[in-house]
Amino acid sequence: MNVGFIGLGRMGAGMAANLLKAGHHVTVYNRTSAKAATLVTEGATLAASIAEACRGDAVVTMLADDEAVERVVLGPEGVAVHLPTDATHISASTISIALSRRLSDKHAKHGQRFVAAPVFGRPDAAALARLVVVAGGHNAAVERAKPLLDAMGQKVFVISDKPEAANLVKLSGNFLIASVIESLGEASALVAKGGIDVQRYLDILTSTLFDAPVYKIYGALIASGKFAPAGFAAPLGQKDIRLALAAAEDLRVPMPLASLLRDRFLRLLANGGESLDWSAIAELAANDAGITSG
Amino acid sequence: MNVGFIGLGRMGAGMAANLLKAGHHVTVYNRTSAKAATLVTEGATLAASIAEACRGDAVVTMLADDEAVERVVLGPEGVAVHLPTDATHISASTISIALSRRLSDKHAKHGQRFVAAPVFGRPDAAALARLVVVAGGHNAAVERAKPLLDAMGQKVFVISDKPEAANLVKLSGNFLIASVIESLGEASALVAKGGIDVQRYLDILTSTLFDAPVYKIYGALIASGKFAPAGFAAPLGQKDIRLALAAAEDLRVPMPLASLLRDRFLRLLANGGESLDWSAIAELAANDAGITSG
Amino acid sequence: MNVGFIGLGRMGAGMAANLLKAGHHVTVYNRTSAKAATLVTEGATLAASIAEACRGDAVVTMLADDEAVERVVLGPEGVAVHLPTDATHISASTISIALSRRLSDKHAKHGQRFVAAPVFGRPDAAALARLVVVAGGHNAAVERAKPLLDAMGQKVFVISDKPEAANLVKLSGNFLIASVIESLGEASALVAKGGIDVQRYLDILTSTLFDAPVYKIYGALIASGKFAPAGFAAPLGQKDIRLALAAAEDLRVPMPLASLLRDRFLRLLANGGESLDWSAIAELAANDAGITSG
Amino acid sequence: MNVGFIGLGRMGAGMAANLLKAGHHVTVYNRTSAKAATLVTEGATLAASIAEACRGDAVVTMLADDEAVERVVLGPEGVAVHLPTDATHISASTISIALSRRLSDKHAKHGQRFVAAPVFGRPDAAALARLVVVAGGHNAAVERAKPLLDAMGQKVFVISDKPEAANLVKLSGNFLIASVIESLGEASALVAKGGIDVQRYLDILTSTLFDAPVYKIYGALIASGKFAPAGFAAPLGQKDIRLALAAAEDLRVPMPLASLLRDRFLRLLANGGESLDWSAIAELAANDAGITSG
């Protein structure tokens, strides 16, 4: 397939590379074109504008937040203007339910197809095509997007014919991950102050009831105390909890644990944690217990 | 080995049966002896008193709470009085750090050995010898207890030479499980109100990042909405969070998520949830969102 | 002074009446003009459009939320278009910091003056000119607005030359009131279950350390258990906590108690509390304790 | 009346002095007798033992916590042993509901009268006889205690014929005060980061809706940022929230705001706040917002 790819950050670069590896013709666009260089050496075509990235069967966007997606897709020279009728926009970014609905409406008006396909996984998983993709959209649109989604992920789940349902799964999934981080932060502070080796403690947990990647990945980060460089930066974590809470507010769903996480992230950001991995909120529990890292 | 077993509840009955299967001579004692009948048909000896259950190499206690353990072990005709010098008391109950220390001191004074060996797993796991055992105690004591622990569990982890460290691991582990329940409760309420099928949602989670028994077991319970009969009853969950918070208070570790769980359990108990499984706290999030079950 | 008044809800009607009583020429406008009838009999002039209400020295807006203010002030036929150069817009509504800034900028561009003057007090206080007014704006603008503010309130406090500072005081003030409601709700549930008469309990509190209107007003509401009709409706309370949290997020200030209140209001709204007074969140604590009202 | 007084801390010393001023014969006892010297110069008799302080019509105890009260009252040479039949024990300490019940039972067995009479007020109020006293006990007992209570407080409220009801009022009252501290801490952090002068902000609040001693006293402390020396030390605040939560747990009353306060106090104590005033928890909100004091 001929596919455009917009947004070559740490996640997007890996995803675009995997589209190339799967044999697709990929035209890449990034605001700062330096990031595209490697992909061009791997066979990608460089687009000079958003419009140029929108001339194929589909375009994938993988951007940082609502603002970026709004600018790139709904802006005056954006995807919605330039994408051909019947072509498909695959939005892999983690965005708000509200924006997902607006994108859906806009593309429908323009006779374009829209698939929300947010992904679970950190940059290393993106590079290895080991992302988990949750897709939402009309059957026909999802069918067409499928080969591209398969190229980027190890598993693709279709959750609903409403695109925003996929975004809600993603946001609630990130809420669950952050919940794991918080719970491990508190439990680690407790056992550490009780004289127990945290690494050994986590080894026990993850070899039994908690034998899941989420506990292994974040347990290792917390036990190491190394939160830089960030695999997923704290401001992105804060954003996702904010979007989950916004969706919850619209749907009138009180989420006290999400509220707790919200305050954790704000505290981290207000105290110099901008560039840390989001799992650094686990250190706040240790700080509150008077444990000084070292 | 000759081993006594005190406390034949849903967990203890399975554990004692597995000691028998492993070839040990088991003398069982329960306040209400009816529960011992099945075990006797399987080869156990019935003890008429705590003293009679304390005549072997070791005695295992598996009781509901601190009060029961205090009565059985530290009472006037209790284990500490009757256990021979050099014999080992294996305490598998989930008890407070404070009581674990007191047991440790008492047995030391009497020249007895003490191993705290709380277990992870529900009654079905106990019956299948698939419990996870976390043991704490002096090396020599743990060594002697090892064949018994192996007979009851699929894995045995020795965490520390201080018995109470094992109890702290158990309490913090139950805190982590309850955290999973709460987070699944909130996430499920959110996606359900967003029109997503909760079972399908949970299937996605547990086939990827959250591929661990704890998510599968409790996800299934929450999606089914069937919280009776209880595998682990709400009052026991409330007790364990209380004990975790008590340990946290002694060690001065603020645990806001544990505090949230505390309030969830009190609310469940104050509103008729006595006999439900502890995972029923997940329904509170649904109730708060105006979702009526059934 | 010649002053327009836009927004004749339960608060605005009383405020406009007091401007009339103080001898000002008042031109009133409301989307549904029926509400203006009484004021016209008291001497007010009826405006057929926003434009007509903007021909004097000043215009006061007292509207329900950001959306209403945006429409009335920033809309194509809005206040910002029609207000004469040098005339003053007094915004008494409880709105977001972000919108207050936008209004400030807009009026500055149009050569108009802007004063944010949110008020504390319920409808009965508005009718009696006993509101507390917190004003923000350039000195000259506030000076001109002063006679009008004095006519509507018993006390006028000038907090800053930045209008939005007044809005922040208002939002944080409503957060403090809601905190009182929550704390009284929890304390009342506790003492009620302890067998103590809640009314007597509150009498003790308010005759000593808690001898303030906020405790008397809300204590009486909570003890009575009568939350309808609403003096200040639950959706407005929910909105204000949302705006306080939005301001806190922009400024990166974690506010766990505000987060708790957020969840309380969402729960109330998700369970049929739309038309109740915002103090009805106090009943949630009673419900959680298994106390059934009645 | 002939009255003993046990516990001459910062509160007790002032209370005993006021009993003297009111013309009562006061026999004072303190573990460290140095503290009694001033009172002796004012006319008090020094007791060499608890027994000697128990020979009059009544004895007042004003001690730090449950442990101290248990030792002094229920110990082998304690008040319950030495107080004459029909004499009255007035317990002014802030203690648990559970201990209050035990004292009540014990004194009843010994034919002694018991009044729980915890007090609201800081040391300066104790010195000026401006405490607020909340009393619980049988009518006859309270009647006899009345002249003594009147001498120590500006107001005496009789809440119930069950002594422990008075203790519950006291604990819930301290919960309400701590709630005020927390809410002011969060609101102050918010407006401070919004560029508003906190002192001016508090002046506005306390001149209107929040015109109560509790807001003035704690507002001034928070605005000043001076939390040493402590009028009421952080460990005592932590203890009272613990006791309130213990009562709430027994009665099955979830109190999320009390849980939040619990974690605040633990954090303060875990980070060097032992000797600060309990209102120092307000600084935690400022710290979390990245505001550095000084």
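For clarity, chains are labelled A, B, C and D in written order, and residue numbers in each chain start from 1.
Note that in this section contacts are C-beta pairs under 8 Å (C-beta built on N, C-alpha and C of every residue); 3 or more make two chains touch, one makes a residue touch a chain.
All figures in this text were calculated on a predicted structure; none of them were measured in a lab.
The chains in contact with subunit A as well as with subunit B are C, D. Interface of subunit A with subunit D: the two copies contact each other largely through the same residue positions, with over half of all numbers used appearing on both sides. Greatest centre-to-centre distance from subunit B is found for C, with centres as Cα means.
Looking at C-D and B-C side by side, the one with more C-beta contacts is C-D.
Averaged C-alpha coordinates put the centre of subunit A at 39 Å from the centre of subunit C.
Each chain gets one centre point, the mean of its Cα atoms, and the points for subunit B and subunit C are 52 Å apart. In this assembly, the C-alpha centroid of subunit C lies 37 Å from the C-alpha centroid of subunit D.
Contacts with at least two other chains are made by residues 248, 252-256, 260, 263, 266-267, 270, 288-290 of subunit D.
The touching residues of subunit D, counted against subunit A in their complex, run 256, 263, 266-267, 270-272, 287-290. Of all residues in subunit B, those touching subunit A in their complex are 97, 120, 132, 134, 155, 157, 159-160, 162, 164-165, 168-169, 172-173, 175-177, 179-180, 182-184, 186-187, 189-191, 193-196, 200-201, 204-205, 207-215, 244, 247-248, 251-258, 260, 285, 288-290. Subunit D meets subunit B in the complex at residues 242, 248-249, 252-256, 259-260, 262-264, 266-267, 269-270.
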